[in-house]
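Please find the structures below.
Across the two complexes that follow, chain A remains constant while its partner is chain B and subsequently chain C.
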Partner chain A sequence: MIGGNLTKWTMSYFAVAIVWLIIGECLMTIGFGFPFAATEAPDTLFVVHIVCIGWLSMAMCGALFQFVPVLVAKPLFADSWQLPALMLLTVGLVALLGGFMVLGGHLPVWLWLLPTAALLLVAGFGLVVTDLAITIWRARASIGPAYFVIAGLCSLCATAALGSAFAWSLAGLGGASALLRSGIPLHAIAGLGGWLTLTAMGVSYRLLAMFMLAPDLDKRRIRTTLFAGSATIGLVVAGGLFAIAREIGINVVLISAGCLGFITLALYGRNIISLYWRRERAQLELNAKMSAWGFVSLAAAVLLAAVLAISGSFQTHVEAFAFLVAFGWLSGLVLAKLYKIVAFLTWLETYGPVLGRSATPRVQDLVIERRAAKWFVAYFISVWSGTAALLLGQSAAFQVAAFAMAVATLGIVQQLIRTRRLADVTGPLRLPGGSRAPHLLYASI
Partner chain B sequence: MSQNYVDLDVRPILRKGGEPFSVIMDALARLDPAQGIRLYATFKPIPLFAVMAEKGFTHAETELEGGEWEVLFTPAGTQPSETDSAARLNDVWPDPVVRLDNRDLDPPEPMVRILGAAEGLKPGETLSALLRREPLFLFPHLEKRGFRWLGGFTADGATYELTVRAPI
Partner chain C sequence: MNDDLVAQVRNALREVIDPELGHNIVDLGFIYDITVVDGTAHITMTATTPGCPASGFLKDGAFRSASRVVGIDSVDVLMTFEPAWKPSMIEPATKALLGFP
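For the complex of A and B:
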């Protein structure tokens, strides 16, 4: 087969990811971590890793297992690795969170937790990276969206390596104290900017073109953006490590990379506008409209970074910037895409076997956009309010915004569950002869 | 065993938006038992690999300049039992009885229409469809139902031409 099969565990990744997102939002609501603790405090790291590994990385891995084979028209190298990877990542994340609880004084001094977590997470991400990289390598695809995934996977390796070094150092097992002192920005940029953003860029090119009936972008444009993005992350990691090793400070590296990153995102923005502009689907679906709000959040984050950098206050407001990137851009885009992907995969799983033999509903019949739209609007407004609250130092207002985000997320999740349960498809079309209702948490293939 | 290949360049046919598959099948029918085919195409003809494998040919592909491909189809150690030319000529795909232009349909409507039309084909009949993209999610369903298919992008990359044949 050549890459169009359903993957069994993608829905499970999405489900686990959503649970972590809701936990993260609840923790922010009750005031756990920043702004009630310092940026580098264990409690803040606890929430940050729930969001970045539990929510964003899990959702991204689930989506990549399904869509990388479509990007390269080749089957996944090893289907059977998906579930072990999910388990390793989940157990690894729980151990990591335990490690942060130890550092925060909430648990006894079980210093072995952090290195154990690092090993488990490296093993889990190792399975994901190997599976996807071999799939892409075997396809020998020409430069396109799949190469963004490669760049993202390389960044994931760098993020995991740096994180592991921190874990060993914090457990008193390694001597990377200089790295621990100055290397956290490298870890954060490689994770949020490299792994999550570069991968989201590559996947968004193809999904937007597919769902909006837009012609694929010119390869030269994709290549230029890819090179700029990869160079940005390469500069951060390699240049940053060099600067730390030479003890010359990493600010010059970060400022240079910031300029390069700005160029990358400007190129990406031009490409995305071109996709929307050249689309042939006149009426945009909710996922495309809400993705646009994610892109607006990214543009706002870039603008915010530029204003803060020029005014010399980036360091004091870096949390607001990171919050907008994580929740406005990445989470906003992932939630918008989940809304479409869950409907599409559920439709394909349920009705694919009987297409052409029985009357079936359309994909759009599985969702009621009007009902979901209000939750998406509420989500983005709360994220933007939360960002403003952080910028203005209004901690209580931030908690209210985080609560509103959690409520909006639950509203969106309820719609996803209804879609998966075919709850909005009525009449005999719901389950025509020969079709089976899908399981909520995995695909029956 | 020394190997010789018959050159077959279907790029001009593809560039004109034509259908090269009957030409390939025709060339296949004329091969001597030890001969292979060196095929030149404007895209990597993945669906053809399965068809040729069924006929006892292995393949080795090389990407050329400009995204074009050279593929060597080599007879495997054991030849397929069906070797006489007349029998092979029977395997030339007939002209499509249904032609669909699905280029302006929202996904996954093209897939719905193709499977609907495919279910109406009589044994051995074919349908052709024009699409905007390679219908990757369609292929597993065609395969499960025993259909064979061949397809590829036209030279400008804007249209994917698909031919589907009902099981005989």
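For the complex of A and C:
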């Protein structure tokens, strides 16, 4: 196959992800979890997992089902696994949240919820990982962006395995108390740094090159960044587990991995600057501009981590760093890319089948960037304000920032819905003969 | 007569636009070759990038538009990425409209 296919359920993943994002932002607005509870408190874990699994992982899975076939120019191994995976992940997340409610004393002592959630989430992510890994393996692709996805999927397996061990241990069914005591940083770094960041790096290379018409990056550059990134996560997981098993403390491992991670992100930054610099499209679209704000947030997070580490206060402010990574870098990039992907996929679904038979609009005719831009600006400003509020210990200001994030997110979502409904395409071009209006939540293919 | 049919097929292909760039695939340089043999149009074309989800639709669109040319009985479209498409293949007037260097 040369051309990729449209996947039926990518929009459903995006819709579910956005609902979780808004729930997460509303919870932060009302003061549920950190900074009104401790970092490791069940209420904080409740919000963290809504954001990391419900929002970021769901959005990433939906995007990967659509774009891994683009990365390797081969069809997906099993289209029919997408919906079961979505259902397993959703039910698994609800069970996990129920488990945290139990630990927080908000529900009766139904400790079986945590291992049940672990089984469901492992089954859901298992389907995703197997489908994508076989797709990439069958393509026999040379080292490139797809290998970042492989590294991300390996990290996802590590994250899920560690999370499952915690769940069983918390339910009193496992003896991993040492792991539970010291292993949470490994789980968080494998998830945010490995699964989400390495995958986002690989996908961003391809999507930015595709949408900005930039020449593909030199393979050596990609390989070096990939090896550095994979080594960072490998060191965290393998070195961390070894250190915990030998009871020698994981700080040395984390500091070494931090240095390697810094090198990885510096290499990635150089590659991204090169893509923007060498692009053929002089005029940047909104998604590329807003992605750049996501990259700036990543650079700011790296700088913040370095300053905090040097001043010896990283442990005190780790939440502000994680917040900037999750909402400035990852969520910012995902929202910016969603703005483009939703328009692109909606165009393909609606107008692709009538191409050559009727006049059709352009992808850019499905969006009004000027209207969306203000919501993106509001989103990033509120994320950066929220980070500053956390650093300064201003809980009320953090709530205001979270509220502003929720409003801005709703503004962006409204634009996505308008795109999906073709609301900004006027005249006979909107639905030429033979075309069908797309469904809001899935692709009619 | 044959050259005339080739020209008609080329013109028909101008109805197909690349959704991202918003211009027709002929002016964008996506059409590498058109020949007409015994009423069959053979079209060799490309897209901006291998694996692009739009490439299948572009191929189908080229097939449909060429099929409507009077005198063409069948159409054979080959999608290739050798050589890879480059922005330098765009017609100068279109390139200027797109703001490409």
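A few points about this structure:
We adopt the following convention: the second predicted complex is superposed on the first by the 442 of 445 C-alpha atoms of A that agree within 3 Å, B and C clash if a C-alpha of one lies under 4 Å from a C-alpha of the other, contacts with A are read in each partner's own complex, and residues count from 1 in each chain.
By definition in this document, contacts are C-beta pairs under 8 Å (C-beta built on N, C-alpha and C of every residue); 3 or more make two chains touch, one makes a residue touch a chain.
Every value quoted in this text rests on a predicted model; they were computed, and no experiment measured them.
Annotation: superposed three-chain arrangement on chain A; chain B versus chain C shows a clash.
In the superposition on chain A, no contact is made by A:Arg370 with either chain B or chain C.
Of the two partner chains placed around the shared chain by superposition, chain C is the only one that A:Gln66 touches, whereas chain B remains out of contact.
By the touch criterion stated above, A:Arg246 is placed in contact with neither chain B nor chain C. Of the two partners, chain B and chain C, it is C that touches more residues of chain A. Of the two partner chains, chain C is the only one touched by A:Ala282; chain B is not. In the superposed model, A:Phe211 makes contact with both chain B and chain C. In the superposition on chain A, A:Arg220 makes contact with neither chain B nor chain C.
Shared-chain residue A:Arg140: touches chain B; no touch with chain C. In the superposed model, A:Gly352 makes contact with both chain B and chain C. Overlap of the chain B and chain C interfaces on chain A: residues 2-5, 69-70, 73, 210-211, 213, 280-281, 344, 347-348, 352-353, 355-357, 360, 362-363. Listed in rising order, the residues of chain A touching chain B in the complex are 1-5, 69-70, 73, 140, 142, 210-211, 213, 215-216, 280-281, 344, 347-348, 352-353, 355-357, 360, 362-363. On the chain B side of its complex with chain A, the touching residues are 46-47, 63, 67, 104, 106-109, 111-112, 114-119, 132-141, 143-144, 157-158. Of all the residues in chain A, the ones that touch chain C in their complex are 2-6, 66, 69-74, 209-211, 213, 280-283, 344-345, 347-348, 351-353, 355-357, 359-360, 362-365. Against chain A, in their complex, chain C makes its touches with residues 15-17, 19-22, 47-65, 79, 81, 87, 98-101.
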